[in-house]
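Residue numbering begins at 1 within each chain, and the chains themselves are lettered A, B and C in the order written.
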Amino acid sequence: MALKLPVPAALRKPSKPGERSNGAGTNGAGTGDGNGKAGSPVVDTVKEGAIDVVGWLDERTGASPFLTGLLLRKVPKGTNWFYTLGSATMFAFAMQALTGVFLAMYYVPSATDAYDSINYLTNDVFLGEFVRGLHKWGATVMVILIFLHMGRTFFFGAYKYPRELNWVIGVVLLILTLVMGLTGYLLPFDQRSYWATIVAMNITGSGPVMGPYLADFLRAGSEFTATTLPRFYAVHMLLVPGLIIALIGAHLYLVVKLGTTAPPWLRADPKPKPLREEVVGPASGNGISGNGRSGNGRSGNGATRADEHDRESS
Amino acid sequence: MNTAEKEAYLREYEVLKKKGKPFFPYAVFKDATMMAITAGVIVLMALLLGAEQGPKADPTTTTYVPRPEWYFFFLFELLRVIKPPELVPIATVGIPTMCMVLLLLLPFYDRNPERAPWRRPVATVAGIMTIVAMAFLTFLGASAGSPTEIELEVAPQFEQGKQVAAQSGCLACHKFGENGNDGPGPELTEIGSKLPANAIERTLVNPSGIMPEYGNLPPEKFESLVAFLASLQ
Amino acid sequence: MAEPADKKRGTNPEKPKPAGYFEGESMTRRTVFGLGVQAAGVLAVTPIALASVGFAIAPIFDTPEEMWEGVGSADDYPSDSYRQAVITIVNGVGDSGKTTVYLRRGSETLDEDPNEFIAISTRCAHLGCPVRFVKAAGNFICPCHGGVYDFEGKVIGGPPVRPLDRFQTRVVGNQLEVGPRYSVTNDLEPVRARDPGEFTGGIWEYLYPPRPTTAAPPS
């Protein structure tokens, strides 16, 4: 079922005599054209121009069948508002990325200048505190949404066959989101940032054998040094967002390919109706045996469904 | 899940999918609405709660009370309640790692083909208990107070004694209402009704175990401390 | 990689075998190019990846030079209580490279040499929060998770896993100077500095190995 894109005039099937090109089909009566505007030739030309551009792009990208498949695919019966949590999380991430880009234009990732740059941004830049607020509370909202999304997936059993890989990718995304939170809240470099990060790095260090070296790697030394903050900044700005974007791509690909689950309380077939006798009159039905045999299991919906299944599984 | 169950699920899914509606515009509308609501909530929070900067990072402080972001409060509370030093690595790396592994491998050890929550009681109960535990730990972590502040309401004449108690390190081992630690010392929220004033005085001067002596406090502070403790009924 | 002769495609069985050929030998054009792809790929990526990773890991092996800082006259520090001082432990980062130290003279009642000084770090041995000394109780208290240390820095309550770290001290002329950090075991024996949360002493010296980024402890 291809998307019906408007076709340029030159390629349109010529209309029958007396018929309008938009199929209105009056007998030559009627003054205006389909949209009833007086200046119709100009509008028509503009519309044709736009259609030509779309056609040009579509011919070179093959976007039309892709978009058809993506946008017009069916979602199962019963898809409700719970299913919006995933895309809401992605939207929150997009907002974080956007506000983050603008914050990065003012932020200085140096232990001596970070606090002052944030101070300048918050107090002296137009809408500075607002954008910083969007980023800060966006982080909270994203964490809440991702946990709600995970809970919905868990309680709907949507991690079971064949969506196990999607769940694994999702858990990795959850961990990466928490890492973003951790590395991000060091950056304003106020008291809360500093001490929360010190504790987090020491938690890393308490693992045996590799712990001390891991903590040294994160901190770039045995104490909080001049390169610790830039390290966290690089992770927060470049490494983890890159991983998140790649994994969101994989997550969405699987969602489109495998489809979203139906809510688990829905069943495909309602309870089969109890079989009943049907008396068929003597004059009815060509080819239907007319003596009321209806109890042989091929009555009602049962036949259709079995056929359907046979067709699909072949 | 064996092959038969997998096939049965796929068949049922196909049927339900056929009966569904196209993604655009029906599901996209719900998604877009939710995105608008999300944007609205974030904007509202940014406008109402703002983004104030705290004091500059100062590693030389001896008065600051560090706290993590709210979504780490459950881990923070876990670290507070696991007191024996030998168990500390369990709280720092053991439990979080185990939880991550359990979460990651969930589809591989949950073999039940059922999806409806009431048909998979183990999973549902485990999920609800996890959520309740995390919420409870988060709440406890949020209400953990500073080690030098007592928030109990007392009559004005006992205020000074309350301050002496708060500043003398008592909260490190004792609980006063919501503040302080659950050990190694007993809770003192109602100590006045358990011990008479002279018993309290004797304990302060001649404590047992690891409790330090407080007999050397200036007399005025010592008396106000005793009066405060005796008033905790 | 040597495919059976009958599975190879594109080889002409009629062509005379090259000099030195032995039965079963095969190195098709395809194989050569396949190996070439892998070799070229490794060659292209390795120097960049190794350099980048090495660059990121290098700080683990970097030993900073020892710093000693004066904190005032040695006579200012009593043996029955602690006095605070601020020292710089990391250069170049301004205020965030400083830390607070609690100093006192050695106390004879605790079997210490009165000519030696004790410098206790404010870094809690549990997870690094800043501890404070409470004079009335003679204890160090940590505000985070309920750790309590006694007058010498040994743990008497809460989750800290070892006594508080110390700094090396020396007296130059009349000035008291504070040097690099070191950690102690539960018996207050000096060991190389460890991060908070790491046990010291005995087998723990190997499970939490010493690191090049720390200074050697005093003997």
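Note that in this section a residue touches a chain if its C-beta (ideal position, glycine included) is under 8 Å from a C-beta of that chain, and two chains touch if they have at least 3 such contacts.
As the structure is a prediction and not an experimental result, all values here were calculated from the model.
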Comparing A-C with A-B, the one with more C-beta contacts is A-B
Starting from the Cα centroid of chain B, hunt down the chain whose centroid lies farthest away. A
Taking the mean of each chain's Cα atoms, which chain ends up nearest the overall Cα mean? B
Per the centroid of Cα atoms for each chain, what is the distance between chain A and chain B, given in Å? 33
Mean-CA-position distance for chain C and chain A (Å): 43
Residues of chain A touching at least two other chains: 189, 194-195, 198-199, 203, 206, 208, 211, 224
Mark out which residues of chain C touch at least two other chains, giving numbers and ranges. 96-97, 127, 129-130, 144, 197
Two or more other chains in contact with one residue: find those residues in chain B. 56-59, 61, 64, 66, 88-89, 92
If we count contacts the way the header does, which residues on chain C are in touch with chain B in the complex? 84, 86, 95-100, 122, 126-127, 129-134, 136-139, 141-146, 148, 150, 155-162, 197, 199
Of all residues in chain C, those that touch chain A in their complex: 56-57, 59-60, 62, 64, 89-90, 92-94, 96-97, 127-130, 144, 193-198, 207-209, 211, 213-214
If you look only at chain A, which of its residues touch chain B in the complex? 70-79, 81, 83-85, 87-88, 91-92, 95, 115, 118-119, 122, 129-130, 132-138, 140-141, 143, 145, 151, 154-164, 167-168, 171-172, 174-175, 178, 181-182, 185, 188-196, 198-200, 203, 206-208, 211, 224, 259, 261-262, 264-269, 308-309, 312-313
Quick check: in the complex, which residue numbers of chain B touch chain A? 1, 6-7, 9-24, 26-28, 30-31, 33-35, 37-39, 41-43, 45-47, 49-59, 61, 64, 66-72, 88-89, 92-93, 100, 103-104, 106-108, 110, 113-117, 120, 123-124, 127, 131
Going by the contact rule set out above, which residues of chain B touch chain C in the complex? 56-66, 76, 79-80, 82-85, 87-89, 91-92, 146-148, 164, 167-173, 181-184, 210, 212, 214, 217
